[in-house]
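The structure's right below; bear with me while I get my questions together.
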Amino acid sequence: MYIQPEIIVVVTAFAVLGMEMFLPPRQRVLQTPVCLLGLSIALAAVVYLMIQGDGNFLGGQFLFDGVAGWFKVSFLLAGLLTVLLSADLLNGRFKIVPGQNRVLIHRGEFYTVVLFNLVGSMFLISATNLINLYVCLELATIPLFALVAWRRDDPLSCEAGLKYIILGATSSAVVLFGLGLLYGLSGSVDLFTMGDNLSFGPATKLAIAMVVVGVGFKLTLVPFHMWAADVYRGAPLPVAAYLSVASKAAGLAFMFQLFYRVLGNVLLDVSMALAVLAAVTMTLGNLVAVVQANVKRFMAFSAISQAGYLIMGFLDPSGAPSMVYYMLVYVVTNMVVFGVLVFYLNETGREEIEDYRGLSRTNPWIALVMMLGLFSLAGIPPLSGFVGKFFLFSVASKAGFHWLVAVAAVNSTISLYYYLRIVRQMYIEPGLGDDPPIRASASIVTALAVSTVLMVVLGIVPFFYETIYEQTHNWIAVAGIRGGMAE
Amino acid sequence: MFPTPTITHWLTLSALLFSIGLYGIFTRRNAVGVLLSIEMTLNSAILNILIFNRFVASDDVDGQVLVLFIVAAAAAEAVVALAIFVSFYRHRHTLDVTQANHICDQGNSAS
Amino acid sequence: MTGFLFENAWMIPALPLISILLIGLFATGSNARFAGIIGSVAIGTAFLLTCGLGLAYLSSAEAGASAVTWSIEWLRYQDHLVVSLGTLIDPISLLLLFVVTSVSLLVHVYSIGYMAGDEGYSRYFVFLSLFTFSMLGLVLAPNLLQMYVFWELVGVSSFLLIGFYYTLPEAIAASKKAFIVTRFADLFFLAGILVLGFFVHQWIVDAEWGGVTAAAVQSASAVQALDFATINSEPVLAHLKDQPGVLGLDLLTVAMLLVFIGAAGKSAMFPLHVWLPDAMAGPTPVSALIHAATMVVAGVYLVARLFPGFAASGDALDVVAAVGCITCLFSALIACTQTDIKRVLAFSTLSQIGYMMLALGVASAEHPAGLGAAMFHLFTHAFFKALLFLGAGSVIHAVHSNDVAEMGGLRKKMPLTHATFLIATIAIAGVPPLAGFFSKDEILGAALDGEHHLIFGVGLFVAALTAFYMFRVYILTFLGGHKSDGAAKAHESPPIMTIPLVVLGVMSVCGGWIAVSQFVLPGVELHAHLLVMGLSVAAAVVGIGSAFWLYGGQANRAQTMAESMGGIYRLVQNKFYIDEVYLFVTKMIFRFIAAPAAWFDRHVVDAVMNLSATVVRWVGARLNVLQTGQVQTYGIWMINGTILVLLFLWLVQR
Amino acid sequence: MSWLSLLILIPFATALAVVATPDSKWYVRRWVALFGTGVVLALSLVMSVSYMQAVLQRGGDASMLTISQMEFEQSVPWFKSMGIEYHVGVDGIAMAMIVLTAIIIFTGVLASWEVKERSREFYAFLLVLVTGVFGVFISVDLFLFFLFYEVAVLPMYLLIGVWGTGRKEYSAMKLTLMLMVGSALVLVGMLALYHAAGSQTFDLNKLAMVDYSRDLQQWVFPCVFVGFGVLGALFPFHTWSPDGHASAPTAVSMLHAGVLMKLGGYGVLRVAVYLMPEGAKQWALFFLVLTTINIVYGAYAAIRQTDLKYFTAYSSVSHCGFVLFGLCSLNLMGFKGAVIQMFSHGIMTGLFFGLIGMVYGRSKTRDLTKMGGLSKRIPWLATSFYIAGLASLGLPGLSGFVAESTVFLGGFFGNPWVDSTTMRICTLLATSSIVVTAVYVLRGLSRVFQGPMTKSEFSQMQDATIPEKLCTGILVATLAVVGMYPPVLIDLIEHAIVPIANRF
């Protein structure tokens, strides 16, 4: 039985829901620790299972292997950090600014929805047939619509929810049509069988184009990214943080499933298209990020460009470990940055880039953490973002896409430009006045500490990448043999 | 009389349905109309899967099971969508999706 | 050639170096007064060592022997291109060593008096010692690169000393001009070194491969391309002569001409002479040492060092002769019109160095007499010209003016200065039996022997001119009545300044009696030309006579004559407007190269870089417009994206 | 553990120690920083001596080697699956650069003795920067090399941005971005080489044993050359340099011009030229012309500058051109000259920028036209300035001459892959810059220090303080020692250069 982590998360979700129903309001504060405890136990369970080794459940319908394990670690980390980041808002600990509606209500439901979403993502990577895959994809998507529109009193939040659900549902319809085609072309719902039966025909191309919509929507690949900026802007900030990491990780999981298992045969045939997609994504994301003034939109475009780097890993079958590793790195790094954004928004109600001026004087440590996070996103050594990007670029280089490496590297520079804009505000510009240091709450500090330490450690300690590398062999083998790379 | 419809006919039907749905998504101004169009594209996909189940993999019922799940998921999706529409309507007193453009801060670009 | 003195000849340049350190460390602030003594003692010791070395050489070595007596590896470029610092002892280096140490010693002593009370007293002696060190290093150089190294160092010490009075704008301008003009010439010298370095090195490597090195020059591994011994060796010269150069010249000529441009710059040959007259802005003893006796003859020394090369080339030697000839005539003409006493002496120096170059130019491999004559003239000139400068310095010290128009009648006020100045004037005018006569005579003889009749004619004319302008200065300065208050209040300089004058006066008288030519070129016979002697004495007499006729009597005779010549006189007085031409060219370079380069950098290169940033932002802003907020537009983009992916998959095959 | 690791650990530990100093005691930090850098300086000197001993002990005929021989090697696997190792080691070139860096940072700390504003961050960033620089020089693994390379570049942004003057944000951003674009190109080339060599190792010396195909070298070489060239101020990618230097605070200018720009030349030598001889042969002519433009154009542009820092920055562009020019000669002397020039220019320009900072601190202006007659009041600084200036115009007896003459000879000797006439014309053009250099150096210096004093405030100036004297004294002494007795440097680097030159 390899399903314990999922069960634990589900149980936690119900426990939190139960507390919401049966406990008096004052005691519901305990929901946060319960949630954290549940996720931590689940994380421990995942790690335990990874040490145990690969296995399956329900007659192969649920597959647990290294990649699945690492994805689940990413999801759970994202969940943990999101819970920490949202705690202050849910508990009403934030500065009230007139004209801003930032309260988050219904703590129990909020956590439950997040946890169910997590479970969806966790099942997604373990699914081995189309039915499972689709249902999990929906489970990993639909709760997000609700989360985005969580702030019912906020018109922007509702508007973001509206946009998100319309585009999300559309993409899900298109991807379903594509999945249907794949089903028809292969005559099976088992992902491995599908992979064996597929060839690179015209209908397959249509199917690929259609599933790319679904993947692109979740991963925010250009031109399926348009929702991101508006939704990040309208959604509550912790939700935006969650969207930027967990939803993206789920998208990557979905893509792993599709491109390695189902389309493994034709992976090399689509690599050029993926390379172009990657190039366009990172370039557009970066270029537009340059002109943003709002940190949320800014992070949306930054996240878009990161997705571009991420899918470079598909260009060569050997890219799986790089992508998994980068996903992990990206989760913690992005959470570092979002942690600071949440902190600053909560405490001051400010969310424009200009508002960060002088942060290094009032809160040097927070500013340092923010700077490290931004540098890691930009790929500056010795932070893990650098190592992760380096490995991804190496994959593209190995596949012969030198031009893409160049584009990506130049894009890193552009991204450095806008990340430095924030650093500049924090360090170079004079402060807004003699502001006293802003006190950070325990939950934010914990979140920042955990994610910062992970961000640094992931890059310096080779253990993580090496383990991922060892554990992703079977995925590479599948794609490698199918892609004709065996010779 | 009419010849028996082949898979091609059925798939054409499904594709037409899909296209009509897409057209609806992009042209309806009322959010509920958009939702209806989305359901239509979903249904075309469902139809597609059923066709394949019938013509390609007729010896098992995987496709039909998949369709059942899709219907359920689509229902969930519709529920969430309608809930969001309601709260959107409460703020704007309209369900015109073209009016949902308060977030696009064009003038907000930084120097 | 062995012996303590030979193997430790490095001590001679090392002594002034030590003196720099001592002065720099100890003789600053309130102890500054010791600076002059430290410097003088150091250079005095060096002078004694030089004398000892000379005696040892005369007694132990065979005539004309040449050897590198000491060397250490200094700069290792690659095999056969290892530059050593060393001491090359041969007749001409000994000659120069003697000139440099002796004049330098006298100038040091003189300066103790001349510079007394100056706030930069110890700085002055540091610079002076630096110069002496550099010049001695130059003289002893056994290879071209060491020569270049010290060549640059004398340049910089000259720069520092010219600009010694650093608050005076003209001194600063003069120092920069001197440095940059000589630097410009050095560029060609360096190019010559590069050419010689490469081709000689190539020859060595080829020879080594062919196994002929040992036979050709010394032992194989020790052969270094830039050593004078290697460059001047027969097979190397023959090899260079065979190589095609540029512009139809053979490589040897090209290399020698490049080196000669360097030499011409330092020796202020036309048209690179412009810096020397301005260099008179420095303290007068400096002018005596650097800009009359030693540094400016470095060019002559360099040509003499590479004489086999020049001789083998032939064409290069003709250029040397022509340049020398032009310079000596041209500067002598200018000297006749100047009123600044130091400038007259400066142009006279130019003229005399032109004379030496001319002498080198008329020599050849078969008739090397000119070489000896040039060295001889270098030797005698050093003393009488140093004497003239120091005398002038003494006068300036007393009158506080450089202009001869403000002097006059100093004969009585400054008897010792007057006497020594007169001796030097007679010496330079070429009146027997003083030093100038013998050396000048030898040069003219060499020119005639070499069948260079035109050059001989010019030389003779210049001899007359020299006598004329020197006596003109003498008359205006010492004879007649006082022309200013300064002259009226003048008095004799202290003994510390007059003793060096006397010593130099003795040398100016006796210098010509030493057989320098035989020392330099043992075995070369010299013919005594009675005709030449007669002509040169006649020229001197004519010059002196006309000077007395024009300036000795009524002063307006000279004025009338100048007016009658009109434009020509003004042309000459303004130094043929060559300075103005340089100024114009420099301005053109500033305006049309430097300014455009700076502009181009800011407004083109940098602008392109900035443009890329602007473009990024512009494109970003345009793309940002796509975010219309219209959800249906977003949806259409999604579907468009799908279609594009499909088309891409369809059309593009990997 | 290898001694080399100390070179990165000590500065980093010092940075941490600086961070840990109490808020109120800003003066403690400079002592901490000075102590840390002093230890590094001592260590580097000791190591260079023991390097020489090790080379002598190793003995044997090194003249036929084609792979660099490293000393003090240490190798710890890092990302094993990628073949990435923490592999450190030095040869003579690296050793010389390490000594240079140690000298510059030590004097840099002395030059920034009076930094009080946010001194904690200042020293910390400065030391992190130096950690990166040392890291580059001790890296044998290309990944490590690249990693440290970027570590060295980034703190510059903050150092200029926070403590700079003038258009500091603009300059800092421009500098950072241009350098990062350069490193992007390097990354492309480096990954291509890695995969062409079988994706097994990033070890430079192992990568050097691979014969890369001509086609690969043909495009990778210019990528890497330009990539590192940006940092080495290769025309036309040098424009970050004037603005950057002009805006940077003293110690940062020193470090940047003195050491960081050398990373460019070092990278070109170690990665481009060493790994890709074929590419170098094909591209030598192109880059030779570019670097000649660098040298001449930089010198002419310097003539027109009126800001002391711009003036020195353009002179750096010109002088760094010599480094790249030497590398393009593809022969022993060219390489040797380039390395000597790296060292010499590092010290010289460090001295220049240090002095500019000191003079600026007194005169409150960097405008040449507004200064004059300063040498009367500040003879020590004036003398040092003159020595730096003379070194920069290549006066024998100072290190500049040793470097430049070697570069010129290297260029003139040329190589079989470039037409010798072109080569010689380029060399002579480059040589001509010594005159232009003389023009601008003398013009600039005489404006500042000579002539009548232009402002009455200048007469209140105080000459150098003890730390300033120590700072300039060390640098001047280094210039003079190398200039007067070049074997100290040449013996150190020669063994390391021979293998690289043998590859051609």
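Brief remarks on what is shown
First chain written, first letter: the chains are A, B, C and D, and each begins at residue 1.
Operating definition for what follows: a residue touches a chain if its C-beta (ideal position, glycine included) is under 8 Å from a C-beta of that chain, and two chains touch if they have at least 3 such contacts.
Quick caveat, the model's predicted, so the values are computed rather than measured.
The central chain here, found by comparing per-chain C-alpha centres with the mean of all protein C-alpha atoms, is D. If you compare A-B with A-D, the chain pair joined by more contacting C-beta pairs is A-B.
The distance from the centre of chain A to the centre of chain B, with each centre set as the mean of the Cα atoms, comes to 26 Å.
Chain D has its Cα centroid 42 Å from the Cα centroid of chain A.
Taking each chain's centre as the mean of its C-alpha atoms, chain A lies 76 Å from chain C. If each chain is reduced to the centroid of its CA atoms, chain B and chain C end up 94 Å from each other. Within chain D, residues 177 each touch two or more of the remaining chains.
In chain B, 22, 25, 34, 97, 100, 102-104, 109 are the positions where the chain touches two or more neighbouring chains simultaneously.
Among all residues of chain A, those that touch two or more other chains are 162-163, 166, 170, 174, 230, 291-292, 417. Each chain pair that touches appears in this list: A-B, A-C, A-D, B-C, C-D.
Looking at the complex, you find that chain C touches chain A at residues 613, 616-617, 619-621, 623-624, 626-627, 629, 631, 633-635, 637-646, 648-650, 652-654. Interface residues of chain A, counted against chain B in their complex, comprise 129-131, 134-135, 138, 142, 145-146, 149, 152, 155-156, 158-163, 165-166, 169-170, 172-174, 176-177, 179-181, 183-184, 187-189, 230, 233-234, 291-294, 297, 353-354, 421. By the touch criterion stated above, chain C contacts chain B in their complex at residues 621, 624-625, 627-632, 635-636, 639.
Put simply, chain A touches chain D in their complex at residues 321, 360, 364, 375, 380-382, 386-387, 390-391, 393-394, 397-398, 402, 405-406, 409-410, 412-413, 416-417, 420, 423-424, 427-428, 462, 465-466, 469-470. Remark: chain D residues 77-82, 84, 121, 143, 146-148, 150-151, 154, 157-158, 161-162, 168-169, 172-173, 176-177, 180-181, 183-185, 187-188, 191-192, 194-195, 199, 219, 223 touch chain A in the complex.
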